[in-house]
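Pasting the structures here.
Shared between the two complexes below is chain A, which pairs with chain B and chain C, respectively.
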Partner chain A sequence: MERHFQRDLEQLKSNVIKMGSLVEQNLADALEAVLKNDATTASKVISADGAVNKMEIEIDNGVVDLLALQQPVASDLRLILAIQKINNDLERIGDHAVNIAESAYRLVETPQEEPLLEIPNMAKIAKEMFQQALDAFIHLNAQLAQSVLESDDRMDALNRGMNSQVIRMIKKDQKTLEGGLELLRISRNLERVADLTTNIAEEVIFHTQARIVKHHATEKG
Partner chain B sequence: MERHFQRDLEQLKSNVIKMGSLVEQNLADALEAVLKNDATTASKVISADGAVNKMEIEIDNGVVDLLALQQPVASDLRLILAIQKINNDLERIGDHAVNIAESAYRLVETPQEEPLLEIPNMAKIAKEMFQQALDAFIHLNAQLAQSVLESDDRMDALNRGMNSQVIRMIKKDQKTLEGGLELLRISRNLERVADLTTNIAEEVIFHTQARIVKHHATEKG
Partner chain C sequence: MLTQDAPPSAEPRMKITAKDVHCYFGPVHAIKGITFAMPEHSVVAIIGPSGCGKSTFLRSINRMHELVPNSRITGTLALDGEDIYGMDAVVVRKRIGMVFQKPNPFPTMSIFDNVAAGLRMNGMRDKKRITEIVERSLQQAALWNEVKDSLSKSGVSLSGGQQQRLCIARTLAVSPEVILMDEPASALDPISTAKIEELIYELKKEYTIAIVTHNMQQAARVSDHTAFFYMGELVEYDVTKKIFTVPAKKQTEDYITGRFG
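Presenting the complex of A and B:
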């Protein structure tokens, strides 16, 4: 029984990591679509989301089966519940990648080409945070997870900064209105991606150190 | 053991319902703050969110304890996992209520008073959806849950409509820019509240009918 359980748990973890890689690729593609003004890559992200949703359901069913058949307790139980939440967070990051890809698609169509302002910077940080959170989960490394939490404040500040920069841009030239709104959408989606990678990091810390860091002062929802 | 389990499960359900009522009140207050341009009510929502976050953690711990001590299987296990997800959805709706309250707060400060466009309509639908989803959970009523799903498409359409209405408004009078952006924020938060109540309704349907309606065609993330 015990060996059987460990094997199933490893399988579940490896599926989450596989899903993480898929979402990581979609996020990277969505951001490339924005930065390179590339509608083809944007479409690719939108059609790849079905696979992410399918994996989420599979992992969710795996969680239920493992709980029902093996009835784990203590640390194993908490790890499985953490996996369930991380699975959900990953699926939502996938949704934000789709939103970003849709914005990229619409930006290609706006006649005016706006400067991307803080978006390249935010994209870089979001990708780093995601990679760190996934690595922290793979190695159950609380220290690495901690560094994700620290980046989240920077993303919040950049997102707020985007708001005032876009308002200034539109006031200077009203032709940038539609494009500017699209940039705000991308900024907000990136800020949400940062929040969700923060959730993943918090789950890792919670599991490894069994202390609650949720609802820390900077969390926004 | 069995009676003990049923009592604990009822306790857990009743805590979720209590949390649901708290979030329902915060959402109603946040919307009243927007509709009546009332900063005092907005502040009330912002300070009430701590209680919601505290309840989420308590319910989450209750879930872990119940799984660890009672090791339920089959239908009971699925109900507990559904409760865990609904708990998380409720907490996130609470966060959106805070976001709406913050927008209300900033709207009070904008010199220009904008028309609220579709916001009153969206507010009414969001509150109805929330109430129906919570009732569907209380009575495990799949039919009621189904009606929540149907309203979600309307909210998506209204949110898209808001976007073009606000763009028109700003183009006509650039002084409405800041207020218009705030209205878009509120609209988007309401659309997310509708998504999350839809998630709750889907969990109820999933539990009562054991079929997956997640990732239905209209879901957006």
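Presenting the complex of A and C:
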């Protein structure tokens, strides 16, 4: 006899996946707005964030319901705890997508078009990492989650590289100051997206293998 | 942040309503003015410490309280708006079935006869009809697959959990509208308990259920509404989620968090 708790837990997980897809789309749109210099797509991202926030509250309530009423244990408990954190991570990635869209909006209005430097590369990696983290959660695949963790270092390096490249660009031509600052904001937001995506992957590992890998924790007896 | 569930668009029909119900055992005033209503097709859990009157209240609903010598009851209890104490007690107990703490199949009867007993007692003689109802009741009680090949075996040959589901099947056979359960899983192991809880969840689609339980987690898992009784009084009655996340009364909070006394 299947427990109705299992159905409720599956429903909660499927709501997280839905929210993940929504955030994935918003992030992709925000990056497209930057890469194609497209204010309309940027506006779309800003107005779509309300749906993400609404889902966050809905999932929060679902977590409280299951914790308070069903006394979950073992892998069920770890999944619910992971969902609670992933929910928070997804909402914040949604906020970073909005920040990126706002930068895209401002970039459209800057008088001159700056080179995007490492942004296209970072955008590609961030999207891939996010997609992999979400897939790892959907299929509870710890191996895939592990590969997300490995990509984060590349993003950190690219973000640091952006700082020096933008400084050089502004020094060379002061008219790029405004646009350069927006590029740094986008870079910083993408770096945060990668961090939060890494958190999601860490939660998948915690749920599937009961291993804590955040803060480079190592397993000791 | 916690948000309260939105109120349902249509008011649910109230199956059982209690108004200022008092129960006495001789000079002992066991239930002190209980007023509340049980929505149809839902599960209401009654929780509270030993001696708080929860079982007495349950037994007053199907007129079992009056079987105790020197007992007395005042106030109003209604089934679909009709005064339970103005009805024939036998009819009340047919419409409001009861499952007890200890599984109590009739020891001399087979599994089949245990379920058929109530039908035969009510004068049903049509064997085909009886067979149909026995099968349906065992299926509803999630026991059919385990006993379909051994219906002629004694009811007491089953495990404790199966015996309790047999008793539920026996209750269902006479088509009650309400099922009262007094600690139905407290004598069972965790797997059998989970089966009974799942069964309760399924049965509420067709029946209205009141369950008395010492196990607060069980109340949380199976019920839609929870009533907290203390010293014969109803301290708090609300949606189960609210009782277990943001109870309105400190006494309820203290009881469910184990800080009582």
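Criterion: the second predicted complex is superposed on the first by the 214 of 221 C-alpha atoms of A that agree within 3 Å, B and C clash if a C-alpha of one lies under 4 Å from a C-alpha of the other, contacts with A are read in each partner's own complex, and residues count from 1 in each chain.
Note that in this section a residue touches a chain if its C-beta (ideal position, glycine included) is under 8 Å from a C-beta of that chain, and two chains touch if they have at least 3 such contacts.
The structure displayed is predicted, hence computed values, not measured ones.
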Touched chain A residues, chain B compared with chain C: B
Partner chain(s) touched by A:I57 [first = chain B, second = chain C, both, neither]: both
Which of chain B and chain C A:R3 touches, first, second, both or neither: second
First (chain B), second (chain C), both or neither touched by A:D65: second
Overlap of chain C and chain B interfaces on chain A (superposed complexes): 57, 64, 68, 71
Touch list for chain C against partner chain A, complex: 1-3, 142, 194-195, 197-199, 201, 217, 220-221, 240-241, 244-245
Residue ranges of chain A in contact with chain C within the complex: 1-5, 57, 60-61, 64-65, 68-71
Residue ranges of chain B touching chain A (in the complex, touch as defined): 53, 57, 63-64, 67-68, 71, 73-74, 77-78, 81, 84-85, 88, 91-92, 94-96, 98-99, 163, 167, 170-171, 174, 177-178, 181, 184, 212, 214-215, 220-221
